[in-house]
Amino acid sequence: MSTVSLQNDPEQDPRVKAVFDDIRATRKTDFINNMWRYLAFDASLLESTWAEVKRVMAMPSSLDPLTKEMLYITASIINGCSYCVHSHTAAATAKGMTGEQYAELLSIVALASKTNQLATALQVPVDSAFDLSTLART
Amino acid sequence: MSTVSLQNDPEQDPRVKAVFDDIRATRKTDFINNMWRYLAFDASLLESTWAEVKRVMAMPSSLDPLTKEMLYITASIINGCSYCVHSHTAAATAKGMTGEQYAELLSIVALASKTNQLATALQVPVDSAFDLSTLART
Amino acid sequence: MSTVSLQNDPEQDPRVKAVFDDIRATRKTDFINNMWRYLAFDASLLESTWAEVKRVMAMPSSLDPLTKEMLYITASIINGCSYCVHSHTAAATAKGMTGEQYAELLSIVALASKTNQLATALQVPVDSAFDLSTLART
Amino acid sequence: MSTVSLQNDPEQDPRVKAVFDDIRATRKTDFINNMWRYLAFDASLLESTWAEVKRVMAMPSSLDPLTKEMLYITASIINGCSYCVHSHTAAATAKGMTGEQYAELLSIVALASKTNQLATALQVPVDSAFDLSTLART
Amino acid sequence: MSTVSLQNDPEQDPRVKAVFDDIRATRKTDFINNMWRYLAFDASLLESTWAEVKRVMAMPSSLDPLTKEMLYITASIINGCSYCVHSHTAAATAKGMTGEQYAELLSIVALASKTNQLATALQVPVDSAFDLSTLART
Amino acid sequence: MSTVSLQNDPEQDPRVKAVFDDIRATRKTDFINNMWRYLAFDASLLESTWAEVKRVMAMPSSLDPLTKEMLYITASIINGCSYCVHSHTAAATAKGMTGEQYAELLSIVALASKTNQLATALQVPVDSAFDLSTLART
């Protein structure tokens, strides 16, 4: 059950086909997961979303691919997105995340959620030492 | 303004002093940030919180210290904890996070929050390929 | 599976029957969706919730009915309520929301969630130009 | 206090200047609000964020500009972004949102947040009538 | 700084005055906190909000007043409402919440937030033993 | 479907067996719910999570067991954890929560979520009367 219909052959639309082809080429697999199949209900939304995912996640960058997936899992857990928790935990596992690393990621998410709520509850004032506004980062 | 009072000399309580001493020794600094000063209103809560932070964040593990701080920042942003966003961005910066890495972290948090909401809005069904329940992780 | 039991014939309770009758009359349909059937476990909670939904959503007002449903969908997505995402997307569709409008709503929710997290991450100070406290609204 | 430094003259960077110029031209004002000034710490992040805001919010579309701002306010409230609540309430007001419309928006956000939590608490199963997956939208 | 203006003498409006009078009488104090002063920008929203607060919080019920305030604090922390965390922690303290009880409330909120995220991360299936849909509550 | 595999006989690991034995002894039942069975994928995470649940929830304290479960339910609803909503509503019911108390808990969660969003939307400034930082709690 979804809020949009899944079309039988979405690639009849050449814009959808172009995105699906690029997903297959970028990921080196024939598998197109449901997120893209459902987003295909609107070609513009599909195109802009995939372009951003490709740019941010698939391009070489200052963070390694596994770290990026672990950041994505963390955001997905706290945003409460069941689909995304599944898809990005699978992606991180495919990129080599070990059980030990996964357990450690969970320990950090659990601890952060705990201290996040404690700081909000206590309304702790921010230390002036944490002001980075005059910092020159490299 | 806070929901608890900040005591003038919290280290008069030997349990508080023991925790503060361990923070200083573990972090190799005299600086005790406000989170611990306010949690000191209850010695048990202070002790258990610090013990967990030390175990999860300060001990050698399968993830490097900077990656751990970046996961902590991500959780703190999405949980909306202003104090924690400040303290852990400062911690990550102290551990060497470059401006480029920080911008990339933000790009991932922003992208994840976008696709998390899209998947929730569309109520995308989870692909069976993402089922990890029969996976033997290393 | 739910946290309350769904009764076979909730309208045996005259208070429940009165609310269900008003839902049918207001909406001009015999269909009572599950939200009301489950809330019927407590007649007072059912009465007060329906009274507010009727007052806010079903009465003529300064916003048109479709805009109101689109605001409701937006809140439901970000609050992560699967049931409400389904029910209010269906309601908006019944009130004429086109696929193009739905895709645009999703684009705004996605963009807002992205910039919301960026502003929280950066802890951007509020511009004084945004102070509406001295504004006399019409 | 922020997690990045606000540069004295960010427009010395031609990429930043190009974005700021486009903001001024698109909005027909010399005012550049803080969100853009802080995002300028990373030219790529600034460029991609502004490009998306311009495309989604400033282009003619199937929703009118005020409705779009009201959807943005709703997302910002529930995501808990103080900066965004201020900036988009100001933007909606500039686009003609009356006090009556604002109060009604608040009534819907308040009601939705209430029923969202009730449906989550009761774990109400989704009615099959809400399945839109076989719907052909116009 | 707020998104609505605070009027100098809101009680010139007889509807606002009636609500403020009832707040003073119900709470047996002359103090009207800011929440009501700002909600007064719209008399209908003020009336309906106060009526619900009075009905839910100020009337005799199956839960004692302190427990009710502690539930309110818990919701306010996790919803990330700084104002509400302050106002309801103050209210609970005025109703006798001890430091020990407050620390215990915080321990539960912290623990729940931790296990909530763990269950979401692991996508733990619900045990059939937790199905309350056939339960006849007293 | 989960992100970790459920092992056939997790108690072959003596650390897992020790935790499961302690759960059975503490709760005086043979039933081990899924949360613990899935957390068993990592013995350390299982041990530390159970130790905290036992310390916070199962030990005599300044709050009675039912109140503690009701606070846990409240946090779980707002954190959007479906599993936890089910498990802790079942636990509270087993500890004697009546239908009337449950309906009242829901009324408070619903009201708090409403006023939390209103205060965030209006950006109501905190009254100085709510400053507890100079308060000496008992």
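Order of writing sets the labels: A, B, C, D, E and F. Residues in every chain begin at 1.
Methods note: a residue touches a chain if its C-beta (ideal position, glycine included) is under 8 Å from a C-beta of that chain, and two chains touch if they have at least 3 such contacts.
Quick caveat, the model's predicted, so the values are computed rather than measured.
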Could you find the chain whose CA centre sits the greatest distance from that of subunit C?
-> B
If you tally C-beta contacts across B-F and across A-C, the winner is B-F
Would you identify the chain whose Cα-based centre sits farthest away from the centre of subunit D?
-> F
Numbering shared by both copies at the subunit F-subunit C contact, with half separating same from different = different
Rounded to the nearest Å, the gap between Cα centres of subunit A and subunit F is 27
If you average the CA atoms of subunit A and of subunit E, how many Å lie between those two points?
-> 34
Please list all residues of subunit D that touch 2 or more other chains.
-> 1-4, 41, 45, 48-49, 52, 78-82, 85-86, 89-90, 99-100, 102, 106-107, 109-111, 113-118, 120-123, 126, 130-132, 135, 137
In their shared complex, subunit E is touched by residues of subunit A numbered 73, 77-78, 80, 82, 85-86, 89, 106, 109-111, 113-118, 120-123
Report the residues of subunit E in contact with subunit C in the complex, numbered from low to high.
-> 1-6, 41, 48, 52, 55, 126, 128, 130-137
Report the residues of subunit B in contact with subunit A in the complex, numbered from low to high.
-> 1-4, 31, 33-35, 38-39, 45, 49, 52-53, 56-57, 61-63, 67-68, 70-72, 74-76, 78-84, 86-87, 89-90, 93, 98-102, 104-105, 107-109, 111-127, 129-132, 135, 137-138
Using the touch rule from the top, collect the residues of subunit D that touch subunit E in their complex.
-> 80, 85-86, 89-90, 99-100, 102-103, 106-107, 110
Which bits of subunit E are touching subunit D when the two form their complex?
-> 1, 3-4, 41-42, 44-45, 48-49, 79-81
